[in-house]
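Labels A, B, C and D are assigned to the chains in the order they are written; within every chain, residues are numbered from 1.
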């Protein structure tokens, strides 16, 4: 219940630093009887891991996860699942300079002020490397949701710096290192990134994420609304600065006649709500979007201060993603899976007496 | 810990429906020794309450709060504070039609699917009327933050439908029913709203909220980051569809050189981060913005279904806000106060051994 | 989640002081569809309330509870249930002396040291008067458990000072003010209490509590074991100094051959475990016992100190129970109901995929 | 927040089974700045580990703990601390018989009924082997409490089967395998155990635990009282069937004049309360006692059933403790340390505004 646990009934507690011996997670509350092995989790880990294209960090990590408990004879037992990923490529370099210095846009300054100390190697606990175990934990939720409830979760890149991207082709998303669903524009993305990398600068991005097949009824008003927990989950990802659901910020300029999603016996006629009403899932696609800031680690010099408050110029070298948003897609999917899993268990805990039965109207009209 | 409690150490648990006898809250974890009376909370309640201008709902509620416990001889004792607001103007009208019908854009359908039953009078638990006690509870946090830590929290309207609004004058915000900080444009807002009301339609809005004087160090990574909890808090407000911190969605198009807030001994040179780095407050202004959808209750007919799945036309009469965003400003302030209060207590619980002392660089450079 | 909330999915948050305007509770997580009215709760409140015999406090409280929310048309809606009991007989007496003085055996000293202030009227928050709303909240759980799961919960007095009491007759328990199940010994109890009252002294007691019909499977190891949560619940009742389950402290002297409850197709052959194994219910009767210390408020002078650390003699006058254990039976029942309700919801949240079906062996063999 | 996490601000989440690859824990909320290494934790692990005398299980485990995160340059950073203990001596034997059979007194039956599956190797998750990581986690709390607050925690054996033991000599406790503080009776204990082992039977025990130097003020009424959390903590230890604080069950027979601990400027004159009043520490020694049932794994045949409900005779062979209570002392100490640590952080989170200053009267009068 301190800050490193997510969820109420299906909980994930993570630990580990960028340059420590290992990252890990404990997944507690997983229902028994789910077939599970490391291979089920490795796919998403591989999608997130660095070093798979020239557009991401060149740190080489296998990100191989071990399941240490909670699975017996290939099936979950209801006991907590311990997950471990050893760090393999934490370079031992000279950190003497950075140890005294706050890099702008990083958590260096805030960790120092909060804790009076910090693990300065590669960002320590504040490194996005921590998200590897989120992806592993999310993979468990994802498998359950898919197998037991038929829920599919997918993310895609909606914006890379100035380039906005449509989702034309789901199947294309996983065939390119950008998680781009508009394959015709891949050369444009490649060119943009090559130029960016040469410049030494970085750029922001936005990622969309969607869950299809969510039954109506998930979400616990008034505070643990499904949308509020999604906002919490996505904003907890490193570098995220904004979250919206459905029509999102565009809602502010809409009229009621335009925004309200009318209902017919054949289903909802639109999805401005993004799949929740009153904080509870409607059965429509859950649709969220998040914006990520540009990587703060760039080699273009910037002004900063050291731990004594004296001015210093900062240049960040090392292996960094010029656009952290690119690898954020599997992380967003994992976090959405964790939210849905937790709410599924909470909902049936409180409401299993209700015969939910068939939804009154269909949430999603298959194409 | 079920869905109606917010916070970990400073917790607020609310109850009550739109047309029930009363709304209430229990505020647990308030430090002892804070001077507190009903009058301290009434000001914000009055700012939120309906019926104070022709642009909001004409329901007449005094929203007078009673403190039932936790205060002795004018001072908090450390015991839980019971708050009660009686409903006065819940009109007894004929709900026979609406009881069988789902209004589009409302929580009618989702409550029915989740719980198998619903209190259909005025939205029941899903009504924004519930936010009255959030404002009362937030008032306690606000008073503590102001008196003990010098933190000031302020909100303002940043967008009303198509009209975007700057913040020119803090002092003007509380002198008009729109919480508008650009007083020269009040006639434009008045005209827009009068026209809207005549049309029978509704419109969305956006609200900004800011906390000044927040010390560096608040926030509990990796999941209970300060920004993630702000996102949770704001997205838990009725009708909110998007939340952003600092540069927010604009971050996606920024370069690293543009976004990173350089640091000098005199302070940060910009605030794209919106006051948090790595999920921990920097000492700069905390700045967030939220978008609210247009009111779903409009008198323009729309298509819907009844509880048997049969199509019906819906017209919502009754007393409603044509733009719920207008009255949302005090609610956003209250939720931000609750987040900060909880994180202040959590931070000093875990980190009181650290002599935080003076921040190394100033967070806010006074104008 | 601060100290005044009990439970995880079925949560009870209480507020109120002995001499404040009211006591209250919020019950969150109650499943929808349960028929509920104030009358359902009043019975247990009446069993607990003071002034019903000469052997308890003469404070006159009707302890009438109002349901303020969460129930619509006589049925729970899934929304939080607000409960309120107004204090009627808080005598306005002169507290000037007691306000500066710590009564031995009371929480006066510890509240003062913890909070730096205290509501000294009648014990304030530390008064057992707070347990009235626990009984009301527990009544909701109890009704659900009885109606939906067939679980019956009963308590009885097992010891009054030196007098140990058997349970000969369930039906007799509620027909006397002692909750004594050995009716032939009532004259002995009456005489003992009359003598005690005359002496000005007080005495301890012990109470047993039992739940019959609990299905196997409730309890969440390793920390939230069912027995651990029962221990927490019972020890949280004012004046309780010990809790045991099944054979309890007698287990320390038992051999394994004696203690282990052998199993046969017809059921368990004994119940030394008290209904749990590994922290999970077996289906047998859940049996717990708690010991309560003697009331600290007695009119026999004692040594103490005032807030300046100076010695003072204390004599406690006013209306007090000479044996708080007498009225503790309905409180123990209520707390056990809250534990079972919470664990029922948690269990089915996590394990509803498992077809628990019929227990392999019967837990309880009906007499 | 599912069942495998203990605490609110200082939380411990454990995972791992008796015969899995490893046991582990995540300790979240540890204040930064505490010097910490594996060696600090190994001492208590060695006190608990099996195979150190002929009176405990002969399983050979080094119980060497690794710290995987949260410590940098020998000091805690405020980040979560990952702990890992690899299992070394999990014998691969033939479990085919036991896999279909429920051993009486074990959690076999309840795990099966709850989860529909179970890891039957050595008790799986229900094995007391899990307590190894509790001891490691408790060691962190213990070091903090000792170094920062001067709190010392000590346990001792108070009863071994029929033999009741006094505490004559603190220093003797750690010099014998029984944690016995009455060294003159060691031959009696040795003889009793040798006889017991020959008989094939097992026996219960009781353990006392004490914390000295606890400041007044810890505990969060009304539910998270310090005594209630101690009861929860101790009852969560495998095989514990009873918990008492201070005079405990003896309170039931005491008079008020006898039980109440009078106060003088020199301190409390007795400690029947066991160090808490109203659920808050008084500054006196915190004193608790717990009773443990006899080991259920004995080689004397007993009646049971298999998963089909058919009768079977059970004989438990393998390496088992004939008295689990013997090794329980370090576990009780660890759990008490976890409770105190959590309450210390919670208390200062909520009450740091109060200048607790010097206690008004001394809690403990040094001998």
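Methods note: contacts are C-beta pairs under 8 Å (C-beta built on N, C-alpha and C of every residue); 3 or more make two chains touch, one makes a residue touch a chain.
The structure displayed is predicted, hence computed values, not measured ones.
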{"item": "Counterpart interface for B-C, drawn from A-D, A-C or B-D and sharing over half of its contact pairs", "value": "A-D"}
{"item": "Interface residue identity across copies chain A, chain D - same or different by half", "value": "same"}
{"item": "Distance from the mean Cα position of chain C to that of chain A, given in whole angstrom", "value": "45"}
{"item": "Gap in Å, rounded to a whole number, between the CA centres of chain D and chain A", "value": "38"}
{"item": "Gap in Å, rounded to a whole number, between the CA centres of chain B and chain A", "value": "26"}
{"item": "Set of chain C residues in contact with two or more other chains", "value": "1-5, 8-9, 14, 29, 32-33, 78, 111, 114-116, 125, 346, 350-351, 354"}
{"item": "In the complex with chain C, residue positions of chain D that touch it", "value": "1-6, 8, 14, 102, 104-107, 109-116, 125-126, 130, 159, 161-162, 201-206, 216-225, 227-236, 238, 240-265, 269, 272-274, 276-283, 291-296, 298, 300, 302-305, 307-311, 325, 346-347, 350-351, 354-356, 359-361"}
{"item": "Interfacial residue positions of chain A with respect to chain C in the complex", "value": "1, 8-9, 29-33, 78, 148, 345-346, 348-354"}
{"item": "Chain B-facing residues of chain C, complex", "value": "1-5, 7-11, 13-17, 20-24, 26, 28-29, 32-33, 66, 68-70, 72, 75, 77-82, 84, 111, 114-119, 121, 124-125"}
